[in-house]
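What follows is a group of structures, each given as structure tokens.
Both of the next two complexes hold chain A, though its partner changes from chain B to chain C.
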Partner chain A sequence: MKEKLRSLWQKLFGDSMRAFGVVSLVFLASMAIAPAKNFFSEWRHYQHGYLSMIRNRSEANTLRRHFQGGIQQIWLPDLGVVDRCTSCHVGLKEPTLTDVAQQPYRKHPVIPHNLDQFGCTVCHRGQGAATTVAEAHSSTLAWEQPILPAKFVESSCGQCHRGSLPGTPQLNLGRNLLSRSGCVHCHAVKLPDGSTVKATDDPPSLSHIGDKTTRQWIYAWLKDPQAYAVTATMPNFKLSDADARDISAFLIANSAPVAGDSVTLSAKPSNDPTAGASLYGESFCASCHAVQNAAGNVVGGDVGPELTRIGSKVKPEWLQAWVRNPRVYDPPTGMPHYRFNDAQVATLTGFLLAKTDSDLLANVHLDAATPEQIAHGKRLVSDYGCASCHEIAGIKKPENFAPELSRIGSKPITQLIFLQGMQHTLPDYIAGKIKQPRAFAPGLKMPQYTFTPAQIDALTTALLSLNDRSYSLPPSLAVSAPPESDYQPAGKAGKLMTDLACFSCHRINGHGGDMAPDLTWEGSSVQREWLVQFFRNPGTLRPALIRRMPKFNLTDGEINELTDYIMTVYQSPSVDRDSMPVSGYAQGQIELGKQLYYGKYSCQGCHIVDTKTDKGYIGPTLTHVGSRLTAAWIYQWMKNPEALRPGTIEPNRAMSDEDARALTAFLISQKGGGQQEAAKK
Partner chain B sequence: MAKTVDQYFDDLQQTRVWRSIFRSGTGSSTLKRALAIQQNVFLHLFSTKVRTRMLSFSATWYLGTLTLGTFLILVATGIPLMLYYHPSVPQAYADTKDLQFVVSSGMFLRNLHRWSAHAMVFLVFAHMFKVFYRGAYRTPREFNWVIGVVLLLITLLLSYTGYLLPWDQLAYWAITVGSNIASAVPLVGEKIHFLLLGGNAVNANALLRFYVLHCMILPLAAIFFVAIHFWRIRKDGGLYSHASEPATLRAASKDAAAATEAQ
Partner chain C sequence: MNRLASGITLLSAALLAASCSRKSDSVALKPTAFGAAIVESSGGKQFGQTGTSLPQPVVVQVNDPQGGAVTGALVEFAAAPGVTFDPASALTDSSGQVSTNVALGGMAGRYQITASTLDKARKKVELKIEEIALGYQQTLGRRLNEQYCDRCHNAESTAERVSNYDNLEVKPHPFTEGDTLNKLSDADLTAIITYGGPALNKSALMPAWGNTLKKADVQALIAYIRAVSDPPSRSAGPVYAKN
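Then we have the complex of A and B:
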């Protein structure tokens, strides 16, 4: 053996010439490794794979013509994007590859953007410059951001689109939750346009809480808000019994009474469930307030608080004062001031007070509070940042109580502390923080929310959209949200509209809710007489809807005030309501309009003109449209509905002037013929 | 009869072109061989005469030559790297990424440059230790030792300036830390810090400064001092061997050794 080795050594390195030759050969071979690695690269492998995949397809020639070999890249200097993903993902833009499920050859789903203008990493993250799978997709030493999991990809839409989009329900929900769940009371979120995300949950002031409820209820609520109302926004702070006892003691001790809250009614709360239920229904309380039914389902709106166990919470005299006029206790409340008479107030409070849950307060036994307990409660209220959300007399709203979340979507993974067994990615971290905030370290203050997994994903999506790119975007690419205005109507009518809380449901000049129609151009749209009638007795325009305008029992003076204001101020510059008459159209034109209605445009698919034959429940019923809308409005609406009400589902049918005029004539002649027929019966 | 390789080589040396370039004639006489070295601009720094035993591995472990070899590799790979690299803030990191992902054998080029740099630093130290422990720094080689120390500093500076150029987090913070160390110098520390970075923080100016230092000033300085280093080897009597030292010195060291033994 030794001999053999020696002879081999002699053969290879026996003299200097041989040694030089052998070493040179070894050197050349090692030099060949680099070009060889270059040649057997991953992207070349995938391109070969693609070519052999398309060989047997019927459209092989077209695909081969589209195919470009070599490293491909999408270069977008404005965005700082160099994406070479298309070197391997070769079939992204091939519309015919619908049946291919194998990556990297799958075709990209249809999106509203051109891939060449946006690249890949803008939406999917990952390392665009890389030409190997591991480097491009995973988190490496040199690149932290791996590919974004597909379920969070909507967050990337939110980098540019700051308003809600029809195609991004998850992002919209997440953004909504971010302001609705109270996150932004503690966490500041600055948006790229300089504004901050505003909270929309409107937590109640606690300065007068003693008027409204008892210390026992506060204790039970603090221990578990969801035990009182499953839809409660308030999260669970996991307080100990002693802490809940002390905070409730402080809040009651700190509360100052409001004048007018203790006024007792002449009529005692009546206990007539039928009358109460029917008044509750007539007043459309359920449009805003929900109640959990026997099956455990929460039925009703989410604008106001859930009322399932309201009787266990409020003091009867407070509830009466509130139902009579909520603005006495809480001037900026979103609850309308119904003009109920004493009997109605008694009926409604009686109905509500009957909604109790004996289990809720059964185990709450509190002794009288000591001064130490109250002092401790005050300290706890500051420690837990209660004043971040609630107004509490004597406690200042803390500044920067929780970390700012403005660029959370780009937070370096190296700065995060993960839980054990958790995947080390940013989306997992954010979702984990929302899911179990207190698990990450002892002594953390963030309370426990009761989000569903879908809500957690939505919130994570919204937070991921707050990243460095969304702030460094070229201004031309940013699609800003329609600005939320703080429009306030002026004068007496304005005061009345605030009192009735019109903006809780209606939107005017970009301000207000979206439950009811936008009233910005209402003055151009409707006829005065109809509006007066409607205020007096709001009927339904859309029989398919459960929600509708409640009756506020307005006086004639108030109705006149409101009507005058609406008819004068809320006029569209593009609709002159006096330019077309509301009657006196030629019969021929009306007939032509009718033919167009049932024939060419098939309006009966969504609308009802004749209650006997038409079955359209999507749009408003048009049997009385001639006495409701102005002719000029109908005409302009026919021509371009989107121009009058952005976002309407009414399609633009590109009507000629003649067609629009004929349809207007037909519709304006619908002045409630059905009524006459009903009268005949 | 076919000619051997040696014969072809002899023929080549006889040609007019060869003679016009190398001037000295052929032949294996001592004079001719000495002239071949002396009359060549590339070789004239070297000793005209080297003893065979000085070329044995054990004499120097070839550490100086290996250092020169890595330096040559660094120049050879550094120049193509310069073709792909912009010393600008938005571009520098993207260029290193391009070298990694797109340039043919770019990764090989970059890695060769990087590992050679590491090897050079290691070899320079090893060379110094070898020289030190063999006592090769002694008269008349003290000045060449000093030149060697200058070359060590240049090597370290080349390594340090090159470290910033990929413009990644590692580079950024290494240079931030390094330049902050410089600012700890009493009195002039802040000035040195500012001079080094061309500003108060590591940014575009620092990148440009480090690039110019790394690709221009320091390599030229290195070549200059390497030339002096090699020239001094010849002037100081060739590569060190115990026998090449002056007799008096040898005697003195012998006495000293005897003295230590006696103790």
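Then we have the complex of A and C:
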């Protein structure tokens, strides 16, 4: 062996001339490594692949003309983008390559942005400057980003777009959940514009909870909120029996009665299920409250709490006081003050109290609470941060109870602890934390939510959008959300509107719910007399709607107050209510309007003017429209409905003045006649 | 040189395969029974967004030769790379069924899912199910459809939206009805959506949306119509299947 080596050495370096030759050869070869690496590089391979792929296509010549070899790069200093992705993703901008299954050659799907303006990594993350697949896509070094899985890509839209977008349902849902599930009660989320994300759930105050319910119920609820109501947003804190016992002891001991609430029964709850069901229906309780039916489906709205087992929760006295006037117990509640009479209160409470579940409290046996238990319960309430969400007398709302999440979407992977078997990526970490928060270490306090996989993905998407880039992007790119409005109507009418909780369903000047029509310009839209009648007896304007305006038993004085206010204050600057008469149009014009109605514009597809022939019921019934709307409103509506009510589903037909006038004449002549009397009944 | 290039391809393919297979379940399930057929119970032909979980799980059932449910049969799901199943394999429950949550791949288009089980002779019995992934544009189109079009074009009512279909003198077509809609060119669709039924000599019950919707909105609606049509439209792009 040694011999052989020696003879080889002799052969190569035996004389100086030969030695020099060999060394130069080695040197040359090493010089060639760099260009060779370049020559055999991945991107070159993909570019070759592209050229042979397009060879068989009919538009090969065009594609070849567009093709540029070598490393390609999108450089956007403003965004900090150096993206070489187009070196391999060659066909990204070729409009004809939509049918290519083979990657990386397919055309980029249609998005509202231009690739040359935003590059790739702003949306997809990954290493833009890299020129190999592995480095570009799956780099996980401490300071580097791997590519974002497609299912979270909407998070990148959220870096600039702070409001909801029609094309990003997942991001919208995630942001909505972040507020609605109460995450932001504990986790602060600041946005680059300096605002903070606000919670939209409304956890009840616990300072008077003893009025409302029993310690047994609190115990059962704490152990498993979803056992009481499948739609409950309260998460499960996985409390031990002893901890639930002590917290319930503390809450009851800490509760002070509300004056005027919880009085003795003024009317005995009546046991008339038929009358109860029909009052529940007439009052449209189901617009806001859900009930789980026998088949297990939850039916009803999600504005107020689910009522499936309400009879096992509330004390009858409290329920009666609440139904009579919820504002006594909870002044800012979104529940309207219905002004039920005694008989109605008795019927409704009887109906609700019958909604019980004998299993719920069957196994709850609590001995009288000891002072130690109460003290321990108070400690637990502080430890678990209950006061982050609930007002609790004597306990301060903790500040920064949980880690701030303002830049969670950029958290370096080196700072994360992963569960076994978990992929080491940030999205997997975030999703894992939401899915099983307590699994990551012993003693963690974050409670267990009952999110579906789709909701977890949506939340993860929303959280990923909270990242460093959203702070470093040029502020000019930021598209802010429509500003929050805290509009409040003034005076006596304003008080009345709060009392009736109009804003739980209606929006006015940007404030309020979206269950019922926006009333910002209601005063320009309707005739005064109609409005008075409507308050007295809310009819069904839109047959296809399941949710309707409830009847509030208003007094004549209250109705006048409301009507005057609406008619004077809620006026649109673009509709002059008195500029067109509500009657006296020429018969010829009415006829022309009728022709347009049934012909050119075929309004009967969605509206009913003649109950005998028309069937459409997407839009409001128009049999009485002439005594409901003002002519000026109808005219402007014909010209451009969206200008009066943004987001309306009525198509904008951009009618000529002549058509609009004729249709106005026809519609304003629809006064209901004899049917009006019948409808009032 | 060519060989080197193909060597690199092979290598990267192997790397890719390795990184894909990392996630596969390590515990092998042992079937306790074998069926004769595998059928779909629910969850086919759903529309999901690219990369995201389908709204409903895919449920399949394994039957014996008499059509009775088989408990304990092994069902395995497979599809093009990028599609994930949770779980990817499972034993049928007491009603002979297996349910899996499916997340489609990152590209918009049709995905073919294969559910397979073994029969008594240990031969593979397969069932193919199709799902549709919507990209950004189609998702936008779907939203616009739900807001403006679905009430007339979809005969089914939901709790939130009562259908108007039965009230229309001239019946529109559901956008899934490929036999009709595939015959209309993109230009025709643009015309009827923008200018209403009369643009194609059809009923004025189809309103004109050109003043309500932007051009991009109309294109998004067309992309959606193309994506969901059944039979598939040619312009809906490739079908992603297991290869």
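Keep in mind that, in the parts below, the second predicted complex is superposed on the first by the 656 of 681 C-alpha atoms of A that agree within 3 Å, B and C clash if a C-alpha of one lies under 4 Å from a C-alpha of the other, contacts with A are read in each partner's own complex, and residues count from 1 in each chain.
The working rule: a contact is a pair of C-beta atoms (placed from the backbone, for glycine too) under 8 Å apart; a residue touches a chain by one contact, two chains touch by 3 or more.
Every value quoted in this text rests on a predicted model; they were computed, and no experiment measured them.
Novice: Determine, for the superposed arrangement built on chain A, whether chain B and chain C clash or fit.
Specialist: Overlaying the two complexes on chain A (C-alpha atoms) leaves chain C and chain B fitting together cleanly.
Novice: For A:407 in the superposed arrangement: first (chain B), second (chain C), both or neither?
Specialist: Touch partners of A:407: none, neither chain B nor chain C.
Novice: Once the shared chain is lined up, is A:111 touching chain B (first), chain C (second), both, or neither of them?
Specialist: second
Novice: Scan A:190 for contacts with chain B and chain C and give back first, second, both or neither.
Specialist: In the superposition, A:190 touches no partner, neither chain B nor chain C.
Novice: In the overlay, answer first, second, both or neither for which of chain B and chain C A:551 touches.
Specialist: The answer is neither, since A:551 touches no partner chain.
Novice: Report the partner of chain A that touches more of its residues: chain B or chain C.
Specialist: Tallying touched residues of chain A, the top partner is C.
Novice: A:80 in the overlay: touching chain B, chain C, both, or neither? Say first, second, both or neither.
Specialist: In the superposition, A:80 touches chain B alone.
Novice: In the combined three-chain arrangement, what's the angle at chain A toward chain B and chain C (CA centres, steps of 10°)?
Specialist: In the superposed model, the angle at chain A is 80 degrees.
Novice: Have a look at where A:651 lands relative to chain B and chain C in the superposition and call it first, second, both or neither.
Specialist: second
Novice: Should A:135 be classified as contacting the first partner (chain B), the second (chain C), both, or neither?
Specialist: First partner only, chain B.
Novice: Based on the superposed arrangement, let me know which partner A:601 touches: chain B (first), chain C (second), both, or neither?
Specialist: In the superposition, A:601 touches chain C alone.
Novice: Identify the partner contact of A:492: answer first if only chain B is touched, second if only chain C is, both if each is, neither if none is.
Specialist: Neither partner.
Novice: Just to confirm the value: shortest Cα separation between chain B and chain C in the superposed three-chain model, in whole Å.
Specialist: Distance of closest C-alpha approach: 18 Å.
Novice: Using the superposition on chain A as set up above, list the residues of chain A that contact both chain B and chain C.
Specialist: none
Novice: Hey, which residues of chain A end up touching chain C in the complex?
Specialist: Its residues touching chain C are 40, 42, 45, 48, 98-101, 103, 106, 109-112, 133-134, 138, 149-153, 166-167, 169-170, 299, 423, 453-454, 457, 544, 546, 599-602, 604-606, 615-618, 640, 642, 649, 651-654.
Novice: Enumerate the contact residues on chain A facing chain B in the complex.
Specialist: The touching residues are 33-35, 37-38, 71, 80, 82, 84, 129-132, 135, 142.
Novice: Per the contact definition, I'd like the list of chain B residues that touch chain A in the complex.
Specialist: 90, 94, 97-98, 100-102, 104-105, 107-108, 168
Novice: Under the stated contact criterion, what part of chain C meets chain A in this complex?
Specialist: 1, 4-5, 8-9, 12, 15, 19, 23, 49-53, 55, 82, 86, 101, 103, 105-108, 135-137, 139-140, 143-144, 147-148, 151-152, 159-162, 164, 166-168, 203-205, 207-209, 211-212, 216, 219-220, 223, 235, 237-238, 240
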